[in-house]
Each structure stands twice: as structure tokens, then as C-alpha cells.
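Down below are the structures I want you to see.
The two complexes that follow have chain A in common; it is paired with chain B in the first and with chain C in the second.
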Partner chain A sequence: MLLGFRPSLRLLSHRHQRLQSRCVQSENTATSAAVDSVLSALRSICGEDGVSLGAAVREQHGRDESVHRCCPPDVVVFPRCVEEVSALAKVCQHHNLPIIPFGTGTGLEGGVSAVKGGVCFSLRNMDQVLDLHPEDFDVTVEPGVTRKALNSYLRGTGLWFPVDPGADASLCGMAATSASGTNAVRYGTMRENVLNLEAVLADGTVIHTAGKGRRPRKTAAGYNLTNLLVGSEGTLGIITKATLRLYGIPEAMVSAVCSFPSVQAAVDSTVQILQAGVPIARIEFLDDVMIDACNRFSSLSYAVSPTLFLEFHGSERSLEEQVLTAEDITQSNGGSDFQWALDAGTRERLWKARHDAWYAALALRPGCKAYATDVCVPLSRLPQIIVETKQDLIENRLTGPIAGHVGDGNFHCLMVVEPNDPDELQRVQMFTERLARRALAMDGTCTGEHGVGLGKRALLCEELGPEAVQVMQHLKDSLDPKNLMNPGKILQQREL
Partner chain B sequence: MSGRVLVGVKRVIDYAVKIRVKPDNSSVVTDGVKHSMNPFCEIAVEEAVKMKEKKIIKEVVVVSCGPQQAQETIRTALAMGADRGIHVEVTGKDYEQLGPLQVSKIMAALAKKEDAQLIILGKQAIDDDCNQTGQMTAALLDWPQGTFASELTMEGDKIKVVREIDGGLETVKINTPAVITADLRLNTPRYATLPNIMKAKKKKIANLKPADLEVDITSRLEVLRVDEPPQREAGVKVETVDDLVARLKEAGRI
Partner chain C sequence: MLLGFRPSLRLLSHRHQRLQSRCVQSENTATSAAVDSVLSALRSICGEDGVSLGAAVREQHGRDESVHRCCPPDVVVFPRCVEEVSALAKVCQHHNLPIIPFGTGTGLEGGVSAVKGGVCFSLRNMDQVLDLHPEDFDVTVEPGVTRKALNSYLRGTGLWFPVDPGADASLCGMAATSASGTNAVRYGTMRENVLNLEAVLADGTVIHTAGKGRRPRKTAAGYNLTNLLVGSEGTLGIITKATLRLYGIPEAMVSAVCSFPSVQAAVDSTVQILQAGVPIARIEFLDDVMIDACNRFSSLSYAVSPTLFLEFHGSERSLEEQVLTAEDITQSNGGSDFQWALDAGTRERLWKARHDAWYAALALRPGCKAYATDVCVPLSRLPQIIVETKQDLIENRLTGPIAGHVGDGNFHCLMVVEPNDPDELQRVQMFTERLARRALAMDGTCTGEHGVGLGKRALLCEELGPEAVQVMQHLKDSLDPKNLMNPGKILQQREL
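Then we have the complex of A and B:
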């Protein structure tokens, strides 16, 4: 039921003007008029300071770290507790306003873009670490807690949360996007490490996906609602608490680097290391183009050929065994220049190339922007897809050094592109689609880590097939019949 | 040469916590607030443990002054690799008024009692920001001091200390025994691992009172009032430079 609205015309046209210059969508006129009439309702929930119409604040909350342009919401609210989130959701439900949850804005797929305007729920004020149980290896966190903040909090306990997507992201945001990282090969992704979620649904209902306060290490109780929400990118509910699985901080770490004559040799080594039962923590692949970029950027002198960066975790004794086994395997596959180190300083130096990869790629063409592709295929198909992809890059004159979490079959082409060159942008676009389809043809996925967001909705249909997409749509319709929860993400818009 | 290093550690409110002042402006809220080892003390412990691993020194003894909870801080240092701990028990009003002068008297007394070759402290605590304990301890013992250390090298029975100063870096060479205070870039402290936390439970922590060391901890300071910094007020936009100048004149700034 829409209230009769009499917005101040001056205010409306002013805002309408600003919005039009960013997102040309006719729906925004009606939406911004509705928002006017609910501002006092929002303020009565969050307080005066908890509601912002400022242009800078809205812009900040309409963009993430992807290449998608900023689509600012009409208003940003800053709830302080789950009760406020629930009340705000009810207001939005009542007035048919889109709801966009916002953690740290470090996503890579445009997940926080308010394509239909609406209300952005910035959850940064809910920043408490709650309920740490060191003996049970679990902790519950609110959305404002980032992964580095949690690990700093845990530093005296001997525990850590290992999922490391690079950015210092909100942990609840990482749950929402099913984030992964460089050590997924040993510790898993968010899917394996979220025990329970508290979430607010579109109508304001608060649910606990595994039951309130529950944190058994395993469960067979009912439908897996926890993992339904993990990766739902804000389209099914707003995550307000996450119970996470913790691990012991490794006693010691060894880092190693090894060069290979071919991509095949590097991947074969990876497969064999895993088959040998080595509990390797990180195994990262850099192709020759990337190594060359890193050599230039960081003044290093690695051999310009496919390279593996490895990291082992364990007790000092087990590390010896792990490293020897890995070294043997790399040697038998033609690997050379195997270097390894135990102390933190040398380890840093050995891995410097991998750490600086993003910046090294950008430095190849100063002034350009970078976009990372994200396909993931079964390990055995990795050499083929990388070789074909490199061929594609050369044929289409594109800059795309490759870095990959090769232990998971996941790799990223860091596409360095001139943002003011429409022809190049077009070629990059076509390339990424070809790459995604190449991965799908090899039994893989178009997105191993970054999520679907705005840009991969069509690919998702190809990947899952219409039947599975239909099931997803049914779930969406039943949990969010008005399509207010982060519209335009994951599932393609339908005419209602 | 005992080869023994004394490291002082302080339990403070965790650096990530938002500090709040009590309504009566007497002090900050500490009840139910997360506490941890002062970050500069972590660096001091790390440096001592590194020296032991390099076999430059033989034993790391960690000291903390405070109520029962100070033992948690000592345990953390033990989990990082210190050998044993000394808890100097100070409670209640005495603890509220405990400051660098009293702590430095305690450290000096312990240095003599334990026949320490070296004292390493954090350069300052993040709650009071005094930056005095190391310097006072050295003065009481009449030992040389290498403060704001960002690099330490043992050279026989002398220590070369690279100090961070306003103009850059200063290198000094001092005799031992000496007092060192650790600055941010001295090292990156290790995180305690579970097996080491387990082992630390078996290490010894001795309990003492200041009186046992014949130290008088009466304070010469009285805190009158604690206030939060003033709330930031909204800015004002002006349309022209003339407006700006007029406003600044009004505010008495020019």
C-alpha cells in the first residue's frame, strides 16, 4: 500500500536531476518520491545520524571495486542492531523500496550497485565480535567485522580465520558472496566455514539458519539454509551475524617458488602434490607474462616462464617432509630453481612477486584499469584452458597476465584495459565471454570466487541450465515476492 | 654474565576498542572491555625471544605489574617464547595510580634481583602514552639507554642501537647492561600458536608484591578529570572568498 505522497517538488527535481545523470532509469522517479515520504520513518528507527542523503555518502555506497559504474542508492541507512535492520526492512517492504546490504564495498561484481535506487543498508556500525569459543573453534561476528579485524582480535588465542580473498572484507559480506582465497586448497571457502547465519528477510523476519545460538561442527538437520544464504549476494536476506569455523594458527610456515618449462608441467606438479597427500596451504600459478611484469615492477629476476608459488603450514618436522616431497615432484616434472624459506623475511621476499601481481599488471600500462576474470575448471582441464586462453589474448592483442589458485583449478586473467578506448573495452568484453564459455565447456564455472553480481547473470543461466535457474527463481519468489532484495543481481530481471 | 633479559609487559585496553569516558569523568570505562598486551610490549617480547633463538641471550623473564588479570598478559608472552614470568601484584587504588615512576622502581629492583643483562620495554603504553618507564628505569640503575629502537645489534658486550628520531635515524653504541625501548619497526611480533599456548601453561609465574622488593609505589600524581575530545561539529560552506575572510575574522582567527 503506497501512502499518498506529496514530495517537495524542488527536492524531488533536484534529486531526480542528480540520479538521472548517473542512472538513466525511469523507475527512479517513482522510487525517489516514495523515499521522500518514508524518511521520517527511517529516521525514527536509526536516529537522525543514521540516515544519510548526502551525495558523497550515496556515491560511496553505490560502488565497489569492480568495473561496474556507480549506481548510488536514494538513501543510506546505518542500523546499529538486528532489531533496527528488521524495522527498516519492514518500512522498505511497506513502501516497495529496494534494499541493498553493504559491508565494506570490496566486491568485484557490482553487488552493491543500486540499479533501481532504493535504500542501502550500511552495516558498518554493527561491528562486534560476539561469542568466541576457543575450545570449540567457533566465533560469531557482526557484519562490520572485517577479516583482518577478526584475526587481530583472535591473536592471543592461537586461532585464526584463514579464508583470505585479498581485500580486508566484511566477513558477513564474504559469506554473502561465498568468498574464497589463496588458501582454499587447504582450508576451504566460505561455504565450508560458515556454521550459522542470522539474517533479516525481505519482510523483516529474523531467522537463524541453523537455529539461534547453535554451533555444532556438523549437522543433518533439515534443509541447508545456511548454505542457501552463503553466496546469495544479498538477494534473499540481509546477513546480520555469522558463526564461523576457526583453525589453529600454523606452528610454522615454509614458502617456496619453482619455475617450469610449460603450463602443463606446473599443473601436473600441482595434481601430483595433491595426490601425494601433501596438505599444501597455498599453491599459486603465475604465467610467463605475469612473471615478466613482476620482474619489472619489483626488480626481481625470476625465470620468465610458468611459475608456482607454494606455501606449507605445519609443525617444523612435518614441514620438512612436505617440502621434500613437493621438491621431488617438481623436479620430476622438469621444474627448476626450487627455492624455499622458513623465516618470515625470506618468505616475504620469495612471495613478493605474487603479492605485487595486481600492481605489476597495472604497471604494464600506466593509466589503465584492470578487471579480473574468474573461471574455475576441474584440475585436469587447467593446462588446456590456460593455453587456449593465452592464444586468445595474443590473437586479440589484449593484455591479460594470468595468476591462479591452481590447486582449485581457478585462475584470473588480470585484463589491463584503457578505459577510454571503446574498441578495446569491447574486445575485452568478448574475450571474457569466450573465456567463460570455454570454462563451461570444460565442466567448470564462470565464477570460482567473485560471484555473479551484475555481469554474469546470462552466463549463470548457461551454466546451470533452465531447470536449476527455475528452482532458484522459485526460491527467490517465495522469500522475496516483491523482488526488493538487491534487485538486478544473480537472477535476470523478468517482466512481472 | 647471566645472559638474562627482563621484558616488561603492560595489560592495556585493546587498540581496536572504541574508548569511552565514564559519566563521572573520573576515568575511561574498563569493565567488560577487551584488554590485551600493549603493542609495543609485544614488540619488546618478540625481540627478546628472537635474541634467545639466535643464542645471544639465555633466558627471557617477563614482568607485569597489576591485578590478577596481568597474569593473562604474562601467559601471552610465555606463549610467544619467554621462559618464565614475574607478576608484581598491585590492585585497587594503587593500581589506578600506578605510573612510570613506580613501575621503573619495580623494574630496577627486579633487574638487580634477577641479575639482568638487558631490560627491553615498549617505548610507551597506548593508554597513557607516557614514554617514561624505560628512561626512568635506566636512570635509577644508572645504565645506558637505547630508546625508540628500530634495530638492535649485539657487538660483543656493547649494543648498537638504531633509534627513530624526528630527523631520521640515529645510531648509538651503548655498553651493557642497558635499557632498550622498542619502537614500531623493530620487528613484527609473532602470533602465539595453540601448541605454544599449551606449553606456556606449564611455565612458571612467580608472585611478588612491591613491598617484597622494598619499593614504595605511592603516587605523586592525582588525576583530576578525564574528558573525551570535543565532538566534531558540522562544517559550513561559504559561497565566496569574501565570505570566507569575513567568517575567519568573526571567529577571531585573522
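Then we have the complex of A and C:
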């Protein structure tokens, strides 16, 4: 199922039938007048232009960047403010229509698939940066603001927001999926960097998880609703505003690339650098297949062997010390001399190449699709799991370059799959399950940063145990009793 | 009510009547046989010695270190393992008896008050440090392990756990109240430092918030149950195990004390040191009244004026740079030369004095009781709120030395109150409400680290808005439909 594809476009009449059958459930009138009434209610809230039934628009909103099949919603709405989001949610609640929030569609676990149809809330028209407080290192953004747009906005202030998944995702979408990226080893994930959220619940209620407009750096005021919503993947509410923690741009930054004779040597170096207390900002592993793909895709010329991309942040003086310690460690593990990226342009090119790893992997086999695993294990287990996983890939004749945020114990196999080869699909499916179970057996998790979405619901149960998953279901039921908020994600599908 | 006292010891017969009336509710038999049946069920689980009805024991378990009135539970039980905690919870669930978890009783918001009677679960017999993984910087502890006990256990490993509320609290209790302390500005609060929790829910179900035995540094696997329980103050479950993040002991540490001509100068220095990106480990403000009290209580001789206690962690080289930057800033604000605490002994004495501020404040007026406020505001608002608050204290003739984790925007007025002076009690009550509202008006919170407990339930509603509090009530109802888990805390009391 994970890797299944199906024709994605449904006929308009079919869609109307579905909307109609939902309206029948709720209103007990079996006429298309019910459908018209829903559509006219939606249009009365966000205007004619704010409601789309177009096939192309619906299809675009029914898939993310993963191999999960496209499930278009019945309608896409484009609210312009939280009041409209709330009013639209009330219409959906009244008519039992699923609500699927949509940021940039750059998720990797099928989070935006409208598996039960319903109304997709595209938040792209809410794209303002609000309330920048440079002196307090915080900012509030609307859900259409992406991480790159925020950092552009911050140019000249001396501040930046460091969480950086590969894609230029929306910040509220990143909050919804508990995203992280290359900087997490130093700056944390979205869990550590969201101070407050505004969210619209399934019934249209607007809440502020830490109180309206509040932004203390710490709080002990009641249940941590902020971190309940972070990572809830749109299943508890639509995030309509996020207050984020910002950081001062370090006085100096320097990046380096180091090649190793073996995977074990590269990963051992990572573990030892962290154990030595080096406050490293980024430490990314790329295996030989991955660096080869990046060389080709991004016109680089690094040695084709297991590689670390490193970045150090700090004052000029502290950088020197960090670099010396790191070099000592890598050389004692047989690493090459550091190849430096000193100026901003070279550094940017280096990290763009790392962020483009997904596309570099896809370019290895044109016409194929990609699926990224994202297990995460305690640091000390990392060498073993990567070595075993590489062996597994070879034995099963699979293309899966490895790139990872190894400082967090988190890495990706970027599985490149021929979608029309059922045997290969099957082997990939088996491989990803083995990999997840390998991580679970090492006290780790099946998902470090991509979330559960559609593909890891069964694994979630293995990972947490049925009792904890039952608690999650209770929480979901209490906030969304009709199961309208992004149904079928995280928790196994229940019927409406 | 906040500052009310009442005779704390109830008669045994009264207690038996209460237990009996509860049993009547659930079993519809009005005999003392029901009481005996409850007691014998409890004893069958944790032995004769594991169940106490003694007045002194009950009273000891009905109060914390605050001025909140003592409300003894009907019974105190002393389970030895999670299986016993679970079995005891099932008995309580069956008989509709409130469950009140008890760590060390060092809370400051009445969290252990048995306001509805019931069974206090003292967790002191579960005091083992389990599963230390030095190479992964994590450890798992039972609920009886205190922060000092853990750090003693870690001696020689090169690791430590930095979160340090004033008292030697239990780590699971610290998780339950979302505690922090002087190191939070660098190392975060309990929210950032708990990787996994084992907890027993009201019905006896045992859950592991991140899956049994798991300890990845980051995860995106479903709702963040870990941070839902952190700060839930015993109202959602009894924490029976915590997996914590550890840190390497820095190569070098140095502490310093600096006096200032005004509150504004001290607080401005704090804000500027943080804005300059100095990774300061501790930066604590003490006003003139507080430093005077600490001088007396801990036999120190610092100048009686607004003061900062600072601590720097890092390599020898990086310390030099941190200290130079900090000194530049303090001197530009009129601060004194740094008085150094270089060796471990002097440093320990300095920070013990800071941690003893509570007792130093109490010693200002023997026979009085103390109540600590703990508002937290964005950093830039700190000078204004502290200056206004000092003015308010003077105008209202109140003793309230100020000490605070100013690097987080969090500070305490340690209100020393004559419990038999209703006029003073009234003035303190009015003062604390004004202070909380002042923080709320500055985008802050009424509680940065002590929690809501009994005293801040009304303020919580002002802070978060009724919608967010209603969401908390829904979550509570979904996990504890009978409202047995520490009833009356965080959320307003509902009848059983």
C-alpha cells in the first residue's frame, strides 16, 4: 500500500456524489441542493476565487513529494485569515466533511492525501510575517510563510531561524510535522523552537496554545498544548499562526568536507566529536552512493567515499578550537584533510547540494519515484545500523543512497524506485520494514522527522505499544469526535 | 484562599467516614466493611508496611513547601514497583478514590494537597537509577531519585544532569511540574530534557510515552505524549520512570558576582549579554534585599545592592572570551569588577547560597511563611517589570526579596508573610495578582516554572483564554473521566 499508485483524478460527477452522500448523512436530504448549499457556504466565506473544484488544483493538493498515491480532496479552499479558516471549519463540521490542511505540499508521508475526500484548506494566501521582536529573539508567522521567506525577511536583522528540512516548507507545516533538518544537532527541532501556536480546531474554535500574543521563553502554565500540536500532522487542528524562537547569526561560520575510508570511520568520528563536547552546528553523513549522486547533480567533485559535511558556528576564536578538535578526531579515524568552504557563496553551494540530495537521488534513475526512510537511534547504535543497512541494500539490489543528520542519530535511505516494477516495490517495502524494526530493536524510532502520516501507522503501534496509541486515540477523539481533522493520518483509519 | 491556613489534622473517624462514603458511591453498601475492603486491597498489593493511616504520615504527605494549607490524604501508600502502582491505581479507580502522586513534597503550588482526600502514592521506595548510557548521554531513573542523588551517582562518569530547582526534588516530580532553575538559560527546562516517561494512568494502564525503553534524541512518532505529561502536575498520570538527557561536564567552569548601582543596570546587562550571544550557563539576579538576606543566611559578604551571579561553562579558551564579553557589558552598565569563584568549593558555596535563597528569605522574619511568585516575561520587558514590582512592594509595605533566572525572563518575589495577619495576607494576595497581570500585560506567563497547582487556576484562564483551558479539560476528561488523578489542580475543581 505504501508504494501503491492509482489513477489520481476522479470525475467531477463522482466528487459531487461523494459530497452529496456526506450531506445526506448530516442533513437527511438526498438532493444536489445539499452540495450546492455546501459550496455556496464555502464561497460566501472566502469568495468565488477562494473555492476551487478544478481537477488540476485538486490533484495538486492531493499529493506531497512522496510516493504515496494522490488522493485529491473534493474541494480546495483558500482562506485569507483565521476568521475565514474558523468559519470554513464550522461548515465542514456541520456537513461532516473532512478537513485537510495544506501548506506547501512538501511532506514525505502522505500527510495531505485526502483519503476520505473532503475540503483541503490551502493556507498559501496567509503569508505575512507578523510581530518580529528582534530584542526578544522571536517572531510570529502566518501559515503560508516558508522557512526561506522568513530568513529573507530577517536579512539585515542579525537573526535567523535555523530549522531546515530539505524543502522550502511552510513554517506552520514544519510545526505540524515536527520537522527538523541539518541544524537540529545544535539548534533543536520544531519541538524546541515553537513558543506559541494559534490553531483552529475541528469545530471552528480558535485557540492560542500559550495564550494570545504570549511569548515567554519558558512556561509551566497548564498542559503543553504547543507541543501537543507540534507533530500532530493536522489531525488535531489547523495551525494558523506560529511564534518561533530566533537565533543570532553567529559571528563566524565555516563548513568543511571530510572523506573516510569506511562508513564506520565516518560515523565513529561523528559520535566522538559530539562526545568531545564540540558544539557543532551541522554534521551530515553521505555514503559513497549519495556523494556520487550529489557530485553529478550539483556539479561537485568530492571523493566518492563515505563523507561528512560539517559546519561550525561561533566566534572566530571558538571556531578555531572547535575545528582543531574535530580535525584531530577525524584524522585519528583515517579521514582526509578538511576541504574548506570558507566564504558564504561556497558554503551555500555546499549546503544546497546537501538539501538537493533528494533530487540528486531521483536523478540516478530518471522516471523513478523516491521514498525516504528516516529512522533515528541512540548515537552509539549508529555505526552498526548504518553498516547493516548498507549490507541489506546491497543484498536486495536496491538503490538507496544514505544521507543523514547523524549528530541526532537520524539518517535517510533515499529509496529510488521504479513504480511499475511490482517486484522492486515489494523489495523496497520489505526493506523499509526491516530497517524500521532494526531501529526499534536498537531503542530507536521509525521516524525521526518525517512523521507517521499514512505509511507508518502500523509501525507506530509496534514502537509505542497499544496502550500509548490508545491514549493518542483518546486525545484525538476528545478534540475531534467526528474524526474530521485530516482523517487516516497517524492513527489507523476509522469510518466516519 | 491562596494563603489560607486551617487545622490540618482530621480525626481518624472522620477519615473513615469519608472513605466509607466514597465506597458507598461505588458499591452501594453502607458498611465499614467497604472501608476495610479498600484497606485490605491496598495492603495486599504493597504489604502492611506499605499502607499508612498514621496522622503524622498523612499530614506530612498533605503539604508541600508553600503556604497552601495542608490537606492530608486519607491513606498513604508506598509502592515498590510500577506493577504495584498500577494495581493500587486500579483499586482507587474501582472505589472512586482520588490518587495523589508524591515525590519529595518540595513543590510550591500545593500540588500534593489532597483537597478531596484519597490515596497519596509516595514514590520514595522506588529510588533506583536504571540504564545509564554514558555514550548516548542518557539515563533512566525511578521516581524516588532526586536531582542530587542522580548527580552523585554520575560522579566519575564526566556527565551531569543540569536542571536544578532550588530544592533537592525528585526528577519525576520535576518532570511533573515542568521544573527548571538556574541552568535553564543554557540547558533548558524539564521540557527539553525528558526523552521518555513511563506513567500509570488513572485506570492503572501503564504507558511509555515514547515506547518502552526507547531513547532516540529526536522523534516524530505520533503525538508528543512525553511533553503532555511533563507539566501535567499529576493530573493525567503517575510518572514512574523518566529517561533524561545528560550533558558532559564542561572542561572549565567559573562563577562570578557583580554588583550594580541599580536594578535597571543589572537587568540591562543580562539582556545585553544574551543578545551578544554569550552562551552563559547561569545568570541570576538578586535585588538588594535578597543579597542582604543571603549574606546573613549563608555568611557571605557581598555588597548590598542589585547583584548578578554569573557562571560560564566551556573550554578554558572559550571561557576567557565569554568572560571578557560579559565584563565589557557589565562595566558599561556601571557594574563592579567581577568577584570570582574559581575553585569548585567556592563555586559550590556561591550556588548553595543562591539555592538557599528561599530559606534566607524566611530567616528575615522568623515564624513567617513564604510564597514565591514566578512570572516570566519576554527578556526586553524584564527591566520594566522588575522596577515596577519593586515599587509595588515598597508602596504596599511587603517583604518580598527578588531572585530570578533573569536569563529566561523569569523571576521570583519571595514573599515572607505573617500567617496570622489577615491584613498582610490580603495585601500579599492582591500584590501577587497585580504582579501576574503585569506579566500577562507584557506578553508573559503567570508561571514560568512552579506550575499552576491550586493558586493559579483562575489566572490560567486569563492567560490562555477559556477556549484553550476547555481543550485542557477535554484532554483531562479523556484520560481521567472520573477526575481521580490529583483532582483540583491546574483545572478548577469539579465534583466527583
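As a convention for this text, the second predicted complex is superposed on the first by the 424 of 496 C-alpha atoms of A that agree within 3 Å, B and C clash if a C-alpha of one lies under 4 Å from a C-alpha of the other, contacts with A are read in each partner's own complex, and residues count from 1 in each chain.
We adopt the following convention: a residue touches a chain if its C-beta (ideal position, glycine included) is under 8 Å from a C-beta of that chain, and two chains touch if they have at least 3 such contacts.
Since this is a predicted model, take the numbers as computed values, not measurements.
Q: Return the chain, chain B or chain C, that is in touch with more residues of chain A.
A: Touching more residues of chain A than the other partner does is C.
Q: Of the partners chain B and chain C, which touch A:155 in the superposed model: first, second, both, neither?
A: first
Q: Using the superposition on chain A described above, determine whether A:44 touches chain B (first), chain C (second), both, or neither.
A: In the superposition, A:44 contacts neither chain B nor chain C.
Q: In the superposed arrangement, which partner chain does A:248 touch: chain B (first), chain C (second), both, or neither?
A: In the superposition, A:248 touches chain B and chain C alike.
Q: Of the partners chain B and chain C, which touch A:344 in the superposed model: first, second, both, neither?
A: In the superposed model, A:344 contacts chain B only, not chain C.
Q: Looking at the overlay, does A:135 come into contact with chain B only (first), chain C only (second), both, or neither?
A: A:135 sits against chain C, while chain B stays out of touch.
Q: In the superposed view, which residues of chain A touch chain B and also chain C?
A: On chain A, the overlap between the chain B and chain C contacts is residues 248, 250-251, 315.
Q: Can you tell me which positions in chain B touch chain A when the two form their complex?
A: Those residues of chain B that touch chain A are 14, 16, 34, 36-37, 76, 79, 188, 191-197.
Q: Can you tell me which positions in chain A touch chain B when the two form their complex?
A: Its residues touching chain B are 149, 152-153, 155-160, 248-251, 315, 344.
Q: Show which residues of chain C lie in contact with chain A when the two form their complex.
A: Contacts found on chain C: 133, 135-138, 177-180, 184, 188-189, 191-192, 201, 205-225, 227-228, 230-232, 236, 248, 250-251, 271, 275, 277, 279, 315, 317-318, 321, 374, 376-380, 408-410, 440, 443-452, 456, 460, 463-465, 467-472, 474-479, 490-491.
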